[in-house]
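Each in structure tokens, the structures are laid out below.
One chain, chain A, links the two complexes that follow: it is found with chain B in the first and with chain C in the second.
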Partner chain A sequence: MSLNQRDMQFQVFEVLDAASLLNRERFKDHSSVTFEDILEMSFEFAKRQLEPHHRLSDTLEPQMIDGTARVLPEVKAALYAMRDAGFFAAAADEEYGGLQLPNLVWNACQAAFMASNPGTSSYAFLTVGAANLIRSFGTDAQKETYLRPMLEGRWFGTMCLSEPHAGSSLTDIHARATPNADGTYALSGRKMWISGGDQDISENIVHLVLAKLPDAPAGVKGISLFIVPKHRVTASGLEPNDVALAGLNHKLGARGTTNALLSFGERGDCVAELVGAPHQGLAQMFQMMNEARIGVGLGGAALGCAGYVSSLEYAREREQGRLPTNKDPSSPQVNIIQHSDVKRMLLAQKALSEGAFALCLYASRLVDDHGTHPDATVRGEAGALLDLLTPVVKAWSTHYSLEANVLAIQVLGGYGYTREYAPELYYRDNRINPIHEGTNGIQSLDLLGRKVAQNGGIGMTLLTREIDGDIKAARAAGLNDLSDALEAAVSVAHSTTRTLMGASPDVMLANSWHYLELLGHTVIAWQWLNAARVATLKLPTASSDDAAFYKGKLHAATYFTRFELPKVALWGKLLGSLDTTTLTMQENWF
Partner chain B sequence: MSLNQRDMQFQVFEVLDAASLLNRERFKDHSSVTFEDILEMSFEFAKRQLEPHHRLSDTLEPQMIDGTARVLPEVKAALYAMRDAGFFAAAADEEYGGLQLPNLVWNACQAAFMASNPGTSSYAFLTVGAANLIRSFGTDAQKETYLRPMLEGRWFGTMCLSEPHAGSSLTDIHARATPNADGTYALSGRKMWISGGDQDISENIVHLVLAKLPDAPAGVKGISLFIVPKHRVTASGLEPNDVALAGLNHKLGARGTTNALLSFGERGDCVAELVGAPHQGLAQMFQMMNEARIGVGLGGAALGCAGYVSSLEYAREREQGRLPTNKDPSSPQVNIIQHSDVKRMLLAQKALSEGAFALCLYASRLVDDHGTHPDATVRGEAGALLDLLTPVVKAWSTHYSLEANVLAIQVLGGYGYTREYAPELYYRDNRINPIHEGTNGIQSLDLLGRKVAQNGGIGMTLLTREIDGDIKAARAAGLNDLSDALEAAVSVAHSTTRTLMGASPDVMLANSWHYLELLGHTVIAWQWLNAARVATLKLPTASSDDAAFYKGKLHAATYFTRFELPKVALWGKLLGSLDTTTLTMQENWF
Partner chain C sequence: MKIMCLIRQVPDAEARVKTANGTVDLQGSSMALDGMDEYGVEQALRMSEGGAGTVAVAVGPQRFEDAIRRTLAMGLERAIHIETDLVLDVVTTSRLLKAIALEEQPDLIFVGGQHADTDSQAMGAALSEALGWNLVTWTTELTLEGQHVTAVHDVDDGKETVELELPCVVTTQQGLNEPRYPTLPNIMKSKKKELLKKSLNDYGISSTMVRVVNQEIQQRARLQHIIDGKDAAAAAEQLIVLLHTEAKVI
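Presenting the complex of A and B:
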């Protein structure tokens, strides 16, 4: 199995205390046992249904035949099994047949799926995200028509934002929606990079499409959100709705998921339903995007962990060379896990991937607090903190889990470069994560240009409060070195933030990426401090297996603190100087 | 074209002063014009013969059919054209039909080939390396039989070191050579990861194989070197020599080059010729390996530059979004090269790839000085400096050019993730370079465990002398900030070296990778300082195109100094503390 289930339990139950959610109204029918059972089921499902065809669905990517994207039978079978097991509705309301699982627990399950086969899993996650959007903003009729078949896994969903000329800049989309006499709209335009945009798996596909109404104001304030099914519902059943597959993109990885160029309304017969109020499309879509951004971060972290587990397994088995202190060539070779430089590459993977994973699950728990905490103040604060952290969750996790995947390949040496071993596939699958749902550069602009200063900087205030509290707890557990290092990083984060906030927008934003890294490293060190605290407190009474696990956590926390965290000071110095190297570089100098 | 020819001229002629080699005996028939012509020819050749089938030879990788590796007609055609153009003998002795080009100029030509199509080019480079080895250590008869057809490009060469169970640890090879009555040897064993190990391009394949004689002492001191042709030369022509293709590896990239598992002597009929003295094989092979290590570094740098050029081209053309200071959505979009964060990603690529390129060409020039300088002291010093720098050239260049390739993909966003654009292919091709010819981890052990202390630390002494001289020259040109920063880095390098040399071998070597990075960053900053000095001196009289180019060089030097070089202090602090985090991590804690 490509994820360490013990680590998952540690993160979900020991660090983030999933059981404490049981007293919330929404989760009252659950117990720790149901949480553990569903997690166990997910791991089992991932192992039996998803992992076996991961490589195959990369080798035999979807084909466009007779205007339809055709996917492998194995991909279909796995999704039908996922549907039959009820996973599409795991976090949904009981009213719609859902299990009402906490986001924290459900995302832990999703991580198992994504580590085992992101290509196949993505169809389900996109469907769940689209369903949530309809649940939040759709009319009762829309919910009745679309929500139930989606949560039953019979119809799949997509999000259609980008167009060939408008990727990061949604302001510039061309898709148009013209009112019909019956209250529906006629949609026309082309949408690019649509994951799951076409397939022959589900009975229908529900596209959530951004388009502009004829009277739309310029810019993002003129974007509306529409439901555009591939087949529309008529009295006589499902009828084609003039959504054509114009082409499939041929990707580096994540090939199990189709990625399509779609053409809407070529024959003038594409019927769309407006979701919510006109011109509110982008704000509404952001619900799905924010959810998806956490999902992308989580997917990155999961693949980072998968690469770690896979290279760890190899390093335990592969014999090669001898330790520096042994010069006898006739002595047996050692397993490469005994070489310090291999341990470095494994520790780095562990520190980066499990750190990212911890942050993603922490954010997932904030989603629960934001949605279900009985105290409105706590709900609001969780929302504000989540807002601040979402770009970090997305960008840091995907950037550094990809770095971990590079190391996984390296641990395997020549074998890592072959398609017979998993790490190269994890890398290729993961490479999309720093790009989609807003590139990591865009995330850093969102963080520094919007989130940090938003609502009087409440996000940063709350973050500091949380970290300070955890540092106190860590000190009480005797973790002074790690605490000191984190405290220093927090102080650099604050002074750097103040300096940048005082700069002109162009100077400030020219430094956005390293700012995101600076805050990201600080936040990950905080996650490791919490892991180290829990490990320290549990060690004295732990079984010998658990003790080894906890010692590993402590050692990885030390690794992150010594090898990674010092970069915060370096970035702080660079950004504190209001560097203009990138800003002043001229186009014709390149 | 995937390399910037202007930059190549700058590096070869303006910084490294190729013309100054003209007074050497070996190069006396050349002129600056012949150097420039051959460079021009190489770029033209790369563009016409190599680049066009780069993607195709990745998509349609070699197949094993009837026991032979079959390659694309396009690959063959390009190599026949390379042969006909005389490129195989470009740096070889006149006596064997060679042009006696300086290594510096020839490596610049090779960089153009490797940036355009590393898969196809590799056959030629391996052949040249193998030919050089026979030239150095072979008998006259061996030279007569093998050298000429190889330099004529009719026979290709390979190096056969690794075995399935012995990759990094050559001590543990099993291949055996038993003396025959006629002075030849019967070879048996399996060799893994053999680039160009089989193909249907050349008339014959000359394998240079490491194997052990029956009386061999244990360890690397018992390894001998053999010539093992695929077809042996008999009175009646070429006859099969019992070298069987056991399988082809299926790789992440570099697919144009076959990569084979070979089985020697399965039928007891594999005839080998000993090269040089018995048990001297590894020392001899190191000539080819050192040459190959510089070649691998150069290949990495070339692909880093190719990704840079390709993403730069995209950034100049792709319109997306507006600058932070413009909030008017009805204004036209800008080319993404105007966004600071895109400039950051381009500058980083430029600083890393062109920096690596500069170091590789500097090392190539050291090869010339080592081989052809009239003063024996200078020859010796060039050799000692080259010895020290070779692991840095190999590992730093491949590690950081790969990081550049990640950024190239990122600049293209979603398009970068598709196989319609070059960056993902550059990345996949380049991913082998940190692995083969000794993994980067092995390079760092070689650097810190052998090279630094070798011959009383003469390499470090010479390096310091060279850098100090160049800092003086840079200060004279007014480059005080860059000089100060480099001087500080050199000082950290020295103190870190001293501290590590005082530690136990296991503590010292546990920190080898970051030591290589520390020294590598210092050396690259030095290369950038030299580029900045030349640019500064030429700026006042430069044409406007040249002025833009020189300003770009200065800006990239600033970028490297501000964004990358400070990491030296960070690594210095970590290593100066004789960190034991990796060393003390236990296997069962992972």
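Presenting the complex of A and C:
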């Protein structure tokens, strides 16, 4: 299995205490046992339905035949099985046939799927995200028409933002929507990089498209959101809606998911429905984007963990060389896991990928608190903390899980560079994650340019309060060294933030990526401190297998604190000096 | 129509099982419903109306409950768990199951064709003998018309079709069906289904006739043949022979 199920249980039940969600009205029909069974089921599903065709769907990527993207039968079969098992509606409202599973548990299920086969499982997650957006902003009629078939997994969903000339800069999109007499809109334009944009799996595809109305103000405030089905619903059934597949992009990884260039309204017959109020499209889309960003971070972390598990298995079996103290060439060779440098690479992977995984699940739990906590103050605070952490969740997790994948390949040596083993596939699948749903550079600009100072800096205040509380608890458990190191990092984060906030925007944002790394390392050290505290408390009464697991957690926490966290001081010094090296570099000097 | 499914929990196929002091130590091993039993559960669901009249029966330690819950989540109506840490021999188990069958009055009992952990294939035959019922083993196809059962089962070099009357015992085989996943709604519903707990005492059983005194795990050493490649044609011929006779992959 690609993920360590024990680690999943540790994070979901022991650290984040999923059982404490059971006293909330929304989750009252669940129990700890149902959470455990559903997680168990997701692991089994991933192992049986998703893993077996992961390599095949990478080798035989989707093809455009007769104007339609054709995917492998195995991809279809797995998604139909996912649909039949009820996963599409797992977290949805009962009103729409859903099970109201907490976001924490649902995201843990998703992690198992994404680690096993991100290409196939992405269709489902895109659909769920699109359905959530219609649930939040759609009319009753739109919900009736689109939501139920999407949550039943009969229709899939996409999000259509980028255009061939406008990727990160949505201000410049060209797609237009012109009002029709019946209240609908005629949509025209091209959309690029559309994951799941076309396929022959589902009965219909519901595209959520950003476009501008004729009277739209300039800039992002003039963007509206539209539902544009591939086949529109008419009295006589589904009819083509003038949405054409203009081409498929052939990607480095995640090849099971089609990636399309779509052309809307080439024949002037593409009917769209406005979602919510005019010109509010980007703000609405950001709800889906924020969910998607946590999902992307989680997908990256899951693939980082998968690479770690895969290279760990290899290191335990591959015999090579002898330890430095053994000078007898006739003695048996040792498994490479006994070599310190291999242990370093495995420890680094564990610290980075499991740290990222912990943060992503923590954010998932914040989504539950924001949506369902009975105390309005707690709901508000969870939302503010989530706002601050979302760019960190997305960017830090995807950046450093990819670094973990590089180490997984390295552990396997030459074999790691071949397609005989999984790490190269995990790396290629994961390589998209620092790019899509807002590049990691964009995330760092969002963090430093917007989120840190938002609402008087409430996010940073809450983050500090949470970390301080956990440091106190960790000290009570005897974890003074880890606590001291984290406390120092938090202090650097605060002083650096203050300095940057006083600089001009150009100087402040010149090194925004390193600021995200600084805050990200601090936050991951916090996650590790919490893991170490739980492990310390559980260790005395643990079984032998569990004791080894908890000791591994403690050791990885120590590794992160000693080998990674000191970088915070270096970044703090650089950023605190308001360094302008990157800012002042001139184009013609390159 | 009442159908009884005998089920067991076994180490997952990928679990690393170890022995300690002559006993298999399952601590930390991931456990699963025996795949052969799963075929029986699936068949029972297909032959019933939404699982009505179906019951899972398990004889084993408390941890078997996970496997039992799995069958309920797949759709069986209810379950009986004879909870015991005693490892019963097949004949004693068949006597126990006979007593349960007499209480439950099933028309049909599904038994896994072979235990995934011990490789025993005796349970179906022993239960059929105890009950004096018809038996069909290694079943890959099964149809029912009234009281009349037609079954296809594997034999060494082919298969044969047999006809028998209810009540009967059917042992399963890969190919009988493709077991379903529990759906998420069924996982939630399964918590409200009846799981009746019983003990060996309830059936007047206090001991087993066969006592396990030692357990070992089969070790398979790598053969590591080295083929001299100086004569490529001879080496290829030798390789083909090894792949055919030893590796048995061609």
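FYI, the second predicted complex is superposed on the first by the 590 of 590 C-alpha atoms of A that agree within 3 Å, B and C clash if a C-alpha of one lies under 4 Å from a C-alpha of the other, contacts with A are read in each partner's own complex, and residues count from 1 in each chain.
Criterion: a residue touches a chain if its C-beta (ideal position, glycine included) is under 8 Å from a C-beta of that chain, and two chains touch if they have at least 3 such contacts.
A quick note: this is a predicted structure, and the numbers were derived from the prediction, not measured.
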Partner chain in contact with A:Gly459 - chain B first, chain C second, else both or neither: neither
Chain B or chain C, by number of chain A residues touched: B
Partner chain(s) touched by A:Asn249 [first = chain B, second = chain C, both, neither]: first
Touched partner set for A:Gly304, first chain B, second chain C, both or neither: neither
Chain B versus chain C as contact partner of A:Ala90, first or second or both or neither: second
First (chain B), second (chain C), both or neither touched by A:Pro118: neither
Touched partner set for A:Gly281, first chain B, second chain C, both or neither: neither
First, second, both or neither for A:Ser330, with chain B first and chain C second: first
Contact residues common to both interfaces of chain A (with chain B and with chain C): none
Chain C residues touching chain A - in the complex, by the definition given at the top: 14, 27-28, 30, 69, 73, 181-185, 187-188, 190-191
Chain B to chain A touching residues, read off their complex: 162, 165-169, 171-172, 192-193, 218-220, 249-253, 312, 316, 319-325, 329-330, 333, 335, 337-347, 350, 402, 406, 409-410, 413-414, 416-420, 424, 428, 431-432, 434-436, 439-441, 444-445, 449, 505-506, 509-510, 512-513, 548-549, 551-552, 555, 558-559, 562-563, 566-567, 569-570, 573-574, 579, 581-590
Of all residues in chain A, those that touch chain C in their complex: 1, 5, 29-31, 33-34, 37-38, 41, 44-45, 81, 84-87, 90, 99, 101, 543-546
